[in-house]
Amino acid sequence: MERRFRLVLSCPDRVGIVSMVSNFISSHGGSIADANQHSDPTSGYFFMRVEIKAETLPFSLDALREAFAPIANSFAMEWEIQDSNRPKRVVLMASRESHCLADLLYRYHSDELFCEIPCVISNHDKLRSMVEWHGIPYFHVPVDPQNKQAHFDQVEQLILQHDADLVVLARYMQILPAGMCEHFPHRIINIHHSFLPSFAGARPYHQAHERGVKLIGATCHYVTEDLDAGPIIDQDVTRISHRDHPEEMVRLGRDVEKQVLARGLRWHLEDRVLVHGNKTIVFA
Amino acid sequence: MERRFRLVLSCPDRVGIVSMVSNFISSHGGSIADANQHSDPTSGYFFMRVEIKAETLPFSLDALREAFAPIANSFAMEWEIQDSNRPKRVVLMASRESHCLADLLYRYHSDELFCEIPCVISNHDKLRSMVEWHGIPYFHVPVDPQNKQAHFDQVEQLILQHDADLVVLARYMQILPAGMCEHFPHRIINIHHSFLPSFAGARPYHQAHERGVKLIGATCHYVTEDLDAGPIIDQDVTRISHRDHPEEMVRLGRDVEKQVLARGLRWHLEDRVLVHGNKTIVFA
Amino acid sequence: MERRFRLVLSCPDRVGIVSMVSNFISSHGGSIADANQHSDPTSGYFFMRVEIKAETLPFSLDALREAFAPIANSFAMEWEIQDSNRPKRVVLMASRESHCLADLLYRYHSDELFCEIPCVISNHDKLRSMVEWHGIPYFHVPVDPQNKQAHFDQVEQLILQHDADLVVLARYMQILPAGMCEHFPHRIINIHHSFLPSFAGARPYHQAHERGVKLIGATCHYVTEDLDAGPIIDQDVTRISHRDHPEEMVRLGRDVEKQVLARGLRWHLEDRVLVHGNKTIVFA
Amino acid sequence: MERRFRLVLSCPDRVGIVSMVSNFISSHGGSIADANQHSDPTSGYFFMRVEIKAETLPFSLDALREAFAPIANSFAMEWEIQDSNRPKRVVLMASRESHCLADLLYRYHSDELFCEIPCVISNHDKLRSMVEWHGIPYFHVPVDPQNKQAHFDQVEQLILQHDADLVVLARYMQILPAGMCEHFPHRIINIHHSFLPSFAGARPYHQAHERGVKLIGATCHYVTEDLDAGPIIDQDVTRISHRDHPEEMVRLGRDVEKQVLARGLRWHLEDRVLVHGNKTIVFA
């Protein structure tokens, strides 16, 4: 994969942003491989993502950041520049259900997801063999229902030790404490097995069956303090019928969950997801 | 279209129902053109729909009903037999938005929906010309916000006068009073412009925009006393992005609404929808 | 709708295009409302579409074109600038099937499609009343199977007389002569009732039934000399089953045809479709 | 899973088939858990699938077959009765691409697909470790381009030795010789990475890119002598855009291939697919 610098920014909208950014790039001979922008008339904000062919710029990543900072400051941008050659470090968390974990491991193994997976953490020991076959360390951190905090302390420790850029809850069935959500803002991705905001919380397929819906879905979102209410990255649905009891819904839903989570994770890894308030801009 | 008798039934499940029904049909020389059945292990109920080629039976519709009644009674069936050649009488109701109404009128006009439309009722006079071009009477029944009941009394009167088998709320934006819902059980179909149970009530596209969902939808359901909570007949969704403000969501949603309503209505007209509790069995 | 100038361009890719274009705009105080770009590594071409808020520029449309021309020339661009306030003139053509025509007329009538429809041309007289209800002139130009050229001469005459920017074949079932295709390059849009390249030519639903496919589709494309082989603008599909005989496939397919044609037309009207060779870039 | 006998039959349509079959079942106290039927007016054929709760019948599988045979003969049925508790034996074949194989192995491993996999055969040694982790023997049978028949002889030998009910070509990139196709009629399932009949043969994603289609797809079908022309079991598509070069199409297509193959295989394993001529009836 050709190396690229990915500039992602948001700022209050005004005349001249694109011009200033593209001038900066072209004045240094930079070749733009891909670019997306979005003006939101409601919030008055402007969002942009530019991929620059790294070899066409006379900068290291750090030098590029330094050179761009004055422009960023003059427009009051929130911004970052990422190197497409540097894989993000992603800690996966799971419980007993293996479908999302197995799917992500396969995509990682087959080079479809560009990242490093320093470890998998689970509150059960069930999926160890599958994980270790991929050459990835597996940490079993049990949950004591009387003292869940001990579990989360240990989990947070592991995340920090492994220097994670991102945590993915691949059907990890515990509710994270508020503190942990705050420590990793927009750095924890969850897959919820319903089309949110319908059927938040426990046993969404049973809720869906109870209500008699004709489609079931899955939602990939950033985790915030509010359960299943964080910024949505992607969603999808699949059709069911009166024949499908909760067990079949669980089976059919798995394929949607896997795809939605893999897609959302991929977009995050490629720096395509910008968060603004409780919404996302996805430059897919 | 070849004339058919449609037998639709539900009853507690037990051995021998299909055998008894199919024996009854074949013993009179009846040829089955289509048949569907469903056993619900949760409720212990059995559901069936059979289309019999009318010409192969030596019965009129009434005689067929009479002949079948003893079997129905012995299995404690809820049942009906419909004649595919008899169009149902469907009263359409609308407000100012024309897309669902225009779509249904077109499908009716082009013989895609087999029914009669004795009249259209609206609380505005805006769509009169479109309706009358189709040769259908248009009744403008204004709503006095101080006395809505007068409006509903007049509407109910019109429905009864026109001998309606079914009422379709094609984006009719008033909430029906409980009494009216009870008078026409499973005989009023509504299209709600969200993927229920998300975003029930007013301005669902604005609610969806607020939440930042990535798909919007529509739901066709029978009207009950509980707002937007009746048995769901069909649902569908379409993808949106961060670019789509509520106005674009309204536009994109229209196509979903039209299709979901038309499909749900068609299934009802063909006696394919069975209601059990708050759910539907759709033999599509 | 806020007035916008839409700049659409393509040229050989090289460093500095975005910078030059955005500088030009911002140096005149122009505010960019929307922008898309695409670099195709295979062809080495660059494609761009920019919407500028017209009120922020000190130019009339003509003056803007004049001011931009030197930049365009220096990059060897194919380009155009359109005024979002100027509706394109679209001549619709149909035969006996009304679904696509009725759908486009409704969208036009309800201001969903921003265009003018100076007339409808058909080789049958069947749809006159529907068209005239919309206040649009209807020209019945019969086809003599022994002398089709006379028909096409008359059609071409009408198109020119009505100063059409675009011709839409809304299930017009005649094959256009090569000469006519050449006269209106990328200015004739057709809807074909299959998922091209499968089932080109006559009776695609019957071909699909014969082959036993599980999805049927529709394709909206620009018309070229080669039958059903022009640049594809949009496609979509719907699921069918073994129950669906060609008649049901025709019915189910209609909804796909309508949507795909309306979407493709809308994109064309909004100057979102760029043609390169036999492919399209759609900045949707 | 509750044990069931699955009766699947087809025969020329006439009055009394359902009655005779259901009488047979109910007269022995059999409880029908699921039933589907289809009359094809074009061919004049009738198709039926019935699931009977095994415990409600006083028969072993063999005794049931014997008891039913006279009825089957009197209607000239093609028929079979399968025991839901007996897993089919499925030999998987692959080349170098692992996505379909890994997906099927995962579904097998997680009990989503009820079958036995006695072995995997490949013309490369690349996927051995993945297969053996699942406890499944792996046979590497290289292909000599000068003498392909030796390869196929060995493959056929392995299939017979392992007593396969079914062979699944999970992106096995060799064209089977006609003789082998004939030896296993409707017992070899292939996944082709296009929406057939478009883009049969080699490099379908490149063909699709060349044509500029807006959706790509996959097709699961029974293998016959005619390349990519056998009876279609299932198909699906996914949307692409001008941004997607063949490499991205390959990536996006993988998810469709996996799902279509898994769904088609599942239906086959559950005896839901009936072949008639070059088409399938799928009682899904």
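Every chain is named by a letter (A, B, C and D) in the order it is written, and numbering of its residues begins at 1.
As a convention for this text, a residue touches a chain if its C-beta (ideal position, glycine included) is under 8 Å from a C-beta of that chain, and two chains touch if they have at least 3 such contacts.
Being a predicted model, the structure only gives us computed values, none of them experimental.
The chains that touch chain A as well as chain B are C, D. In this assembly, the chain whose C-alpha centre lies farthest from chain C is D.
Between chain B and chain D, the centres computed from C-alpha atoms are 37 Å apart. Shown for chain D are the residues in touch with two or more other chains, of which there are none. Contact residues of chain C toward chain D in the complex are 38, 40-42, 195-199, 211-215, 217, 231-237, 241-243, 245, 278-282. By the touch rule above, chain B contacts chain C in their complex via residues 98-99, 102-103, 106, 110, 112, 133, 251, 254-255, 259. Per the touch definition, chain D reaches chain B in the complex via residues 15-16, 18-20, 22-23, 25-27, 29-37, 39, 56.
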